[in-house]
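Here come two complexes built around chain A, the first alongside chain B, the second alongside chain C.
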Partner chain A sequence: MTAYTINRRLWSTGRYLALSLYVLFALFPLFWLFRVSISPTKLLYTEGTSLWPSMVTIENYLIVLQDTSFPTYFLNSVTVSLGTALCTTLIASAAGYAFSRFKFKGKAIIAFLLLLTQMFPLVMVIAPIYRLMQPLGLTDSLTGLIVVYTAFNTPFATFLMQSFFDAVPKDLEDAAMIDGCTRFQALIRIVLPLTLPGMMATLGFIFTAAWSELLFALMLINSESQVTFPVGLLNFISKFSVDWGQMMAAGFLALIPACIFFALIQKYLVTGMTAGAVKG
Partner chain B sequence: MSAVTLNNFSKSYGKMSVLSGIDLTINSGEFIALVGPSGCGKSTLLRMIAGLEEITGGNIEIGDRTVTDLAPKDRNIAMVFQSYALYPHLSVRSNMGFSLKLRKVATEKITSAINSASTMLGLDQLLERLPKALSGGQRQRVAMGRAIVRRPDVFLFDEPLSNLDAKLRVQMRSEIKSLHQDIKTTSIYVTHDQIEAMTMADRIVVMNKGNIEQAGAPLDIYDRPESKFVAGFIGSPAMNFFTAEYKPNGSDGFININDECTIPLPKLRTLQQGTVECGIRPEHLSLSKEKKTGHSIKVTVDVVEPTGLATIVYLSFGDQKICFYTSDRPDIGPGDTVYLQLSENKLHLFDVNTGKRLN
Partner chain C sequence: MSSSASTSGPVISSGLTPPPTTHRKRSFKRLAEPYFYLSPALMLLALVMILPLVVGLSYAYQNIELLNPFDRGWVGFKHFIALESDRVFWLALKNTFVWTFGSLGLQFIFGLGLALLLNQAFYGRKLIQALVLLPWAVPTFLSGLNWAWLFNPVISPIPHWLAALGILNEPYNILADPELAIIGPIVANVWFGIPFFAITLMAGLQSIPKDLYEAAVIDGATLWQQFTRITLPLLAPIIAITLLLRTVWIANFADLIVVMTNGGPANSSQTIASYIFSTAYKKLDFGYASAVATVLLLLLIIYAALLFGMRKKLLENSGN
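Coming up: the complex of A and B.
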């Protein structure tokens, strides 16, 4: 072995070591979540911080699923997050396409306004939003939450989608239009398939954002039947104690839809879809 | 196959005029090369013919139809882009069949059109591949194939070969030419490469700043450029220019270069006497070490570039640079003083102000 190959092996080993450390670091909280959720409550404090409890139980899960309103919260969250993700992606795709392909009056101003909405802390707008939603009958309703989330996520999603449309060469649309497409057909047949990964990424991103949103959900929802899961989690904290085991079990269950969702879309997230379109 | 006629074709972006009143008729089956410096409006003109760019003024006819207001898809043209613009998510086969499928052509017909085009272009083995799995030259061929299967009235090419390496470019050049000889579709070909233009085109259109400077057969343009711009643009190495004094002399005239060399000429019709721009191509000079009788100027050798096939010599004439091209291998080196003879019947004279041809 020459010094060069030794050196290269050292480098690649080092790289994997660094990556493993990083993954360990990122996943440890999740592991701890799981570890606490399967620990019997009575062992929680006595065993301290051992990596694995001496006794394992699914009791916490059973309680969460059978004796609390968690399943309702969970369904509410799925509804709101899916609704938000779909609405936002649809609007953002249309807007992003327009920003990417058309010249129109006031384009710069609209872009600036969109950016401006991202600059205020949400806390500032909660009261006005509440006043706005109340007469419309949109407080204490999942539809209201979808509307608010969509409104707040659309600007960012629009810029995201614009960048995906920008990445599709304009020549492709021109070629399609010469080949016999209208602009709309070119969009559907050529541009859309190529931006699908981007749309999926946006969908996933917005879904996750809506899934974990707490502030608006806390302020706009009153009735137990409309509560989403992040707010629901707070119910495990009572005045006198926190039921860690149940809370962690609920939290762990809440990870499932996000995982399923990403498993479904991950094949679209592989990059390089536009490779080979034009010579780079 | 159709003729293309442009009448007073113009384009401006806001106040900036990019094309000012282009009039051009392209005959049915003709292969036209559009050349000109970067930014002169070649691509814009091509895209306007395709319908991709809005037309500010004038109109265009393809065959016997006026297509000025038609969408690109209704003009029955095909275009090959510099970037190839292959649909990345579709296989070679689907790329080539895309337009026919949109037109709802029967599947068997599509298949046979694709097969005959792919045989013609040597793509048979690649039909199921995605564009990203192809080399540059293969992508180029697929782009050609996509245009061919359409059987369009007109082919438009926007610098289709400029992304290929030199060798492949030469090969594709002759392939496109022989393809045109087979299918004889009216073609408009934008290029930067004058060799491409000279070798492929039936007629070259030289553009400058949104105008047509000259349109004509390649050798006519080479031998009789109508303006100093065309003379300098066409030909590589480029034509040499000197300023000279023209004087009439009885029924004839002569020019005088730096009081060193006097060359008799037929009388000019448009100029009495005065300063002219005198051009001569590098290959119309001859070099000698001693001053010979005839029309020669004394020059100093700067650089000698042997290419194997020929020798290109750069020389100084006073503060002017001159290029000399010969298929010989002259025995000279930098710093040598030599004499260049100018063949009097190969001189091009241009007006100093307008740049228009005088002789």
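Coming up: the complex of A and C.
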């Protein structure tokens, strides 16, 4: 009995120790981002290695919010990322469901083609995509970005959703279909609620992937009013002599929408929704 | 009945004998149903990905140098022949293996560990979970800049800590050291990628019925046995697919290297992906870049085929 208690204590201490080490590793770079963003420019190099600067300023944040177009960039990025996340998750859930539940002609070939699109560097498809989108009026528009991002993220999201559907026992929907549900009803009422954690995870991945995409945003967008956040950050480097403090301030602000988004989907990620759904 | 629902199809249809017309209608519906779910994805991909991909691949057999616009046209396998004597290409190929499997292995091991630690209830779990997932939310380009900053001894304490721990002889910038430069982007990539595996595997762990563990505890299984006999086999499909997808993704992922070292010093941290980027956008030689990309594509196809072959063998060996 006592050996058991000691064992449990050890496990629990070990867990907290491992977790704190990882939290330190995960957060220190973010802390440093924040620390640079609140340091006055003149102290940036003289106090470069001290953990906290002797003077703190919010000037960088004020400049970013008032004197630059970053608020617009943020809004553009939120629009593009949300649009991409929703479209991709919807399209990929349908495709993932087909892969998980049906045997059909050409399944292997389609899976191979999906995988193939992920194997070729995007740098090489930008020029052809540009030529394709231009006559459709989709260059220099946020809609165009959503279309391209959705297309690029769909294969990955499809495979991810397939593996989440695979984890849901087929007996559940078979039972529902014997009871008179159509397959579509069984999908909506029984399978989807069980794959909700997986869908939310997918939504989160695609949101952040779109949130940080730089290359297409750089190549397809020309007008200032359509610029997304990563391109805006890049402008800090190329347009002026790099203002690190302002750039890090903008970068730190960029974490906020992504954090809110993750906070919203978090509760779906943790609840063990399928626990006990299938007995025997 | 290869077109019926993949499992238990016969169970559904066995009790029913519908009239012939309805039957034909039903079987057509059955045949068409998977394509109905697939069609939005297929149409979008054919137009926006596959078509541009074919065009992009065809560049490999052409001269397309933006700095040399008059020397255009088909050149056959010229670029591929040039690859053989390209020293940077072979170096980049070697680095791609180190970069891909180094990053992937560490991301996966730490991600799995994190998922297992977070999968049990404990005090402060929600907060810690939110905190450890944060690196994933940072745009890759920004994390590259931030990590480049962190490795610089003038503006970050990390090199000084590493020196104090005896890992470095003196606090210097490893990104400027040809021997160690590639470690910088790998660390940044591991930092950025752990949350992906943690979230995916956690979502997978959530779907394992808890009764299985209860039954195993009653039968006297140790934690290790529970892990190897229940957790790993049930997570295997998700592990296999995420590993494959991430390998492909990381092999093609140039952002961190371009931002942090730009492939340097002296190409020591150049990977195929960053080499393609600099060939296409700095030398503006799209033909040669596409040839390099074709090689990467072939290697990844071989890798995927090997992985699928292994999976098939494993399934056969497990006696199903």
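Keep in mind that, in the parts below, the second predicted complex is superposed on the first by the 253 of 280 C-alpha atoms of A that agree within 3 Å, B and C clash if a C-alpha of one lies under 4 Å from a C-alpha of the other, contacts with A are read in each partner's own complex, and residues count from 1 in each chain.
Please note the rule applied: a residue touches a chain if its C-beta (ideal position, glycine included) is under 8 Å from a C-beta of that chain, and two chains touch if they have at least 3 such contacts.
Note that this is a predicted model, so its numbers are computed, not measured.
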- Could you say whether A:G180 touches chain B, chain C, both of them, or neither, answering first, second, both or neither? first
- Message: Is A:D171 touching anything from chain B or chain C once the two structures are fitted on A? First, second, both or neither.
- Response: both
- Where does A:I63 make contact in the superposed view: on chain B (first), on chain C (second), on both, or on neither? neither
- Contact breadth on chain A, by residue count: chain C or chain B: C
- Message: Quick check for you: in the superposed arrangement, does A:L233 touch first (chain B), second (chain C), both or neither?
- Response: second
- Task: Using the superposition on chain A described above, determine whether A:A258 touches chain B (first), chain C (second), both, or neither.
- Result: second
- Message: Applying the document's definition of touch, where does A:I190 land relative to chain B and chain C: first, second, both, or neither?
- Response: first
- Query: Shared contact residues on chain A for chain B and chain C?
  - Reply: 171, 174, 177-178, 194, 272-279
- Item | Residue ranges of chain A touching chain C (in the complex, touch as defined) | 12, 15-16, 18-19, 22-23, 25-27, 29-30, 32-33, 36, 44-45, 48-51, 90-92, 94-95, 97-98, 101-105, 107, 110, 113-125, 127-129, 132, 147-148, 150-152, 154-156, 158-160, 162-164, 166-168, 170-171, 174, 177-178, 183, 194, 197-198, 201, 204-205, 208, 211-212, 214, 229-230, 233-234, 244, 247-248, 251, 254-255, 258-259, 261-263, 266, 269-279
- Of all residues in chain C, those that touch chain A in their complex: 2-8, 11-12, 31, 33-35, 37-38, 40-42, 44-45, 47-53, 55-57, 59, 110, 113-114, 117, 120, 122, 125-126, 128-143, 145-147, 149-150, 153-157, 160, 191, 194-196, 199-200, 202-204, 206-207, 209-211, 234, 237-238, 241-242, 244-245, 248-249, 252, 254-255, 273, 276-277, 280-281, 286, 289-290, 293, 296-297, 300-301, 304
- Item | Residues of chain A that touch chain B when the two form their complex | 169, 171-172, 174-182, 185, 190, 193-194, 272-279
- Message: So in the complex, the part of chain B that touches chain A is made up of which residues?
- Response: 47, 50-52, 71-73, 77-79, 81, 83-89, 98-99, 102-103, 130-134, 136, 139, 146, 150, 163
